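Structures for review follow.
Each of the next two complexes has chain A plus one other chain: chain B in the first, chain C in the second.
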Partner chain A sequence: MFVLNDLQQDALLEIFNIGVGKAAAALSKMTSEEVLLSVPTLEFLEWEEAKQHLPGNGKIICGISQRFDGPFNTEAILMFPEEKSLEIIRYILGLDSLLERLTEMEQEALCEIGNIVLNACMAPIADIFSAEFRATMPEYRSGTSEHVLSVDVAETNRVIMLMLVKLQMEKHEIEGYLAFLSVLPDIQRLTANVDRFISEFTK
Partner chain B sequence: MTSKTVLIVDDSRLSRMIIKALILEKYPDWQVMETTNAEQTLSLVDTIEEPNLITLDVNMPGMDGLSLAAIIRKTWENVPIVIMTANVQESVSRKCAELKVGFVEKPITADSVSKALTYME
Partner chain C sequence: MLTDLFLNSPNNSLMTSLGSISDECFQNSKFHLAELVVREAQIGLMVLDTNEKIVLFNDWLSKAANLKETEALGKGLTELFPELKDSRLQNAVETSLQMGFPALLSQSLNRAPFPLFAGEEERRMGLRIEQQIQVIPLGSGDSPRFSLVQIANVSVAVKRENMLLEQAKELKRNLIIDGLTGVYSRRYWEEQTLIELRKARRACLPVAMIMLDVDLFKNYNDAYGHQEGDLCLARVAKAAANALKRPRDILARYGGEEFVALLPETDLEGATVVSKRILQFVESLQIAHKQSDVASYVTVSMGVSCGFPSEGESQEIILSEADQALYIAKAVGRNRVVLCKNKGFFTTDGNAINSSLPERRYR
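Now for the complex of A and B:
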């Protein structure tokens, strides 16, 4: 099993915490509402085990996913329960649709919101590592969290890094998640960067 | 500058290490104390003299840094407090202003620590 020492784990959480803070600020700006953040959780597990730790309780959720390739590779996902995704998008866009499912245009808008939030998160992480991430186009996914946070079949037996942060918007009673998924050897590249970051301050 | 005491409150060991190292690099004779959460901090508040500055993280397990700042203010009404966070939401900076505490954006760098120290002046 892949294990980080206490200082590596602490540094990794703090680095992502900085990114998540910026992401929350971007979401707060768009919704004009305070976004409360949980303390991030970080686990290294095989996919079968990771599935037990996913949020959503089997309910349908909407997610916007982007892959970031750079000093390490990760899949970043912003996700909300389906009915709340409709509420967010319609609140931000000032739409008042009666349709129960997201229309294509609303899906595009949700992708753009995800794009802004996820990039706001990853940009400071790139700065910390003095590097750059290349991001894929945001992809809209709907289904259970297991589907939204899908992992390639070829990678299911490998160790996965799963980082989760809960986002709460109390005024609209909206609860969502930011998730980051990486697999070996990306995790090893990530920890090598974390070690470099730590060594700068512990010389 | 005469010797000062700084209390760092942050659940991240690395953040505490960096803040402490940057302060001591500039002011080696200063005393730097550390706590990792609100509970530990409030226990310490009852046993020590008022420090010259307190730096607080916002997003910590248990009580958040802003709520902790409000409680510390009840004991040490005028102690300089500075929030060091990456949570740059308008609501956070507004609460800082309401509590009359400083606000410095993470990541922690020599510049951000220097800025935090200006809240003692």
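Now for the complex of A and C:
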């Protein structure tokens, strides 16, 4: 399914790359560990199809999501496998791993980490579009990736833009993902903005 | 009365901004209600304008910070709270004003950024209210932006969670330690055995096990009562554990009056030395046992076995051999150590024992 032309797609990936780089730097600072990033993948698919592409293999993952509404609307999610979320948060907080689930306070701390990472990611994107995003408070979700990345059922037959970046923290053998989900009407607003970015860039 | 409170409130910031509205009209308006809600809310509320100057400071915050509203209004955030300079909170307020992004400051990562106290006593002792802070941008785009800082007291939640963690620690301790005797639990022993056998398999090293049983313990209980019996078990267990010298050696209660020792990187000879030492340590306790036909004091019997996991000898095999050796030690008179070697049974002096006894099945 082609929604963007090659130039638009490259420009969009480049824009997100800058944001994701900032997000990784923020995460790296908090964990004092190098965070490696994969090349982001960008796909346009229907939700039923998108579900097959979600990471996690049906395992329980923890996600922190924030909705950003602006030049385009997107649900941004930082997610880790459940046991790795425990490891990250207890490493940052310097706590022993006594419980097998995140406590309320740990969930909140994870929310803050997600908040810092996602804000860091979206700030340069807002700058590039010289526009503003309204953002919601971070929300903690746990479940399969399908549940964590839940899309409004009424919108499931629409085309979804799914952008995925893999984050790797080698010392702790942690693999996480940053995901951005947008539904089609927003994508049209997005392409308009991308075009504006390209035209300004090529002036 | 609420009206009095409102009208008498000093230097009302929202009211001055609404100066054109008549008093009566204002008192009946939604603004009036909003003002009262903000004032009375049992949560800290503070609003900063685009220049990071405080324009709203509610009663809850005023009381907790021990600052009059008039002292706070018009001041910069770090002017009023110098310790917040270059803090994550200041950064979050800036981001909310410049970018319009909200921020969450969790108690776990920030503890108590504001010097807020529940009362005078806490203030003297320096015990701050545990805080969860949300920084929320107000207004968007064209209108000037404000930043709402909302501070919740999460001290109770923190206390509850610390209690939970304490209990988890206690539970974990109980999983590791046998409550009655103070030596390791069977569960912990099994966990460690798996780990040590894996290590031994990789390094081609032997692992030894000792099964230990308190002789005629049922008679002891009958003669002295269960309370004395428990005491006796604890003393024997402690003496046996003291006979183990290396940190990786583990003595655990296997069940009832049975104990088991795990001795990594130990051959039969080494395990024999340890078992003889246990025998001696228990004997030196001299716990009187009038119902014993073995001695006048409490004695133990032991079975010792050793195996190479790298040659396919599993935990089950080694333990079963030690158990059979223990069975024979009891059958041939108790208060002794029997070794299992190449399917045969021997005394610690190396003399073979005729093991025509019926084989005991491993539990």
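By our rule, the second predicted complex is superposed on the first by the 199 of 203 C-alpha atoms of A that agree within 3 Å, B and C clash if a C-alpha of one lies under 4 Å from a C-alpha of the other, contacts with A are read in each partner's own complex, and residues count from 1 in each chain.
By definition in this document, a residue touches a chain if its C-beta (ideal position, glycine included) is under 8 Å from a C-beta of that chain, and two chains touch if they have at least 3 such contacts.
Only a predicted model underlies this, so the values are computations on that prediction, with no experimental measurement involved.
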| item | value |
| --- | --- |
| Fit or clash between chain C and chain B when superposed on chain A | fit |
| Contacts of A:132 with chain B and chain C, given as first, second, both or neither | second |
| Chain B versus chain C as contact partner of A:104, first or second or both or neither | second |
| Touched partner set for A:19, first chain B, second chain C, both or neither | first |
| Chain B versus chain C as contact partner of A:92, first or second or both or neither | second |
| Partner chain in contact with A:119 - chain B first, chain C second, else both or neither | second |
| Distance in angstrom between the closest Cα atoms of chain C and chain B, superposition on A | 17 |
| Doubly contacted residues of chain A, that is, touched by chain B and again by chain C | none |
| Parts of chain A lying in touch with chain B, wherever the complex brings them together | 6-7, 10-11, 13-14, 17-22, 24-25, 28-29, 34-35, 37, 39, 124, 127-128, 198, 201-202 |
| Touching residues (chain side chain B, partner chain A) in the complex | 11-15, 17-18, 21, 59-61, 85-91, 106-107 |
| In the complex, chain A residues that touch chain C | 89, 92-93, 95-96, 98-99, 103-106, 108-109, 111-113, 115-116, 119, 122-123, 126, 132-138 |
| Residues on chain C engaged by chain A in the complex (per definition of touch) | 95, 99-110, 132, 134, 136, 140-141, 154, 157-158, 161, 164-165, 168-169, 172 |
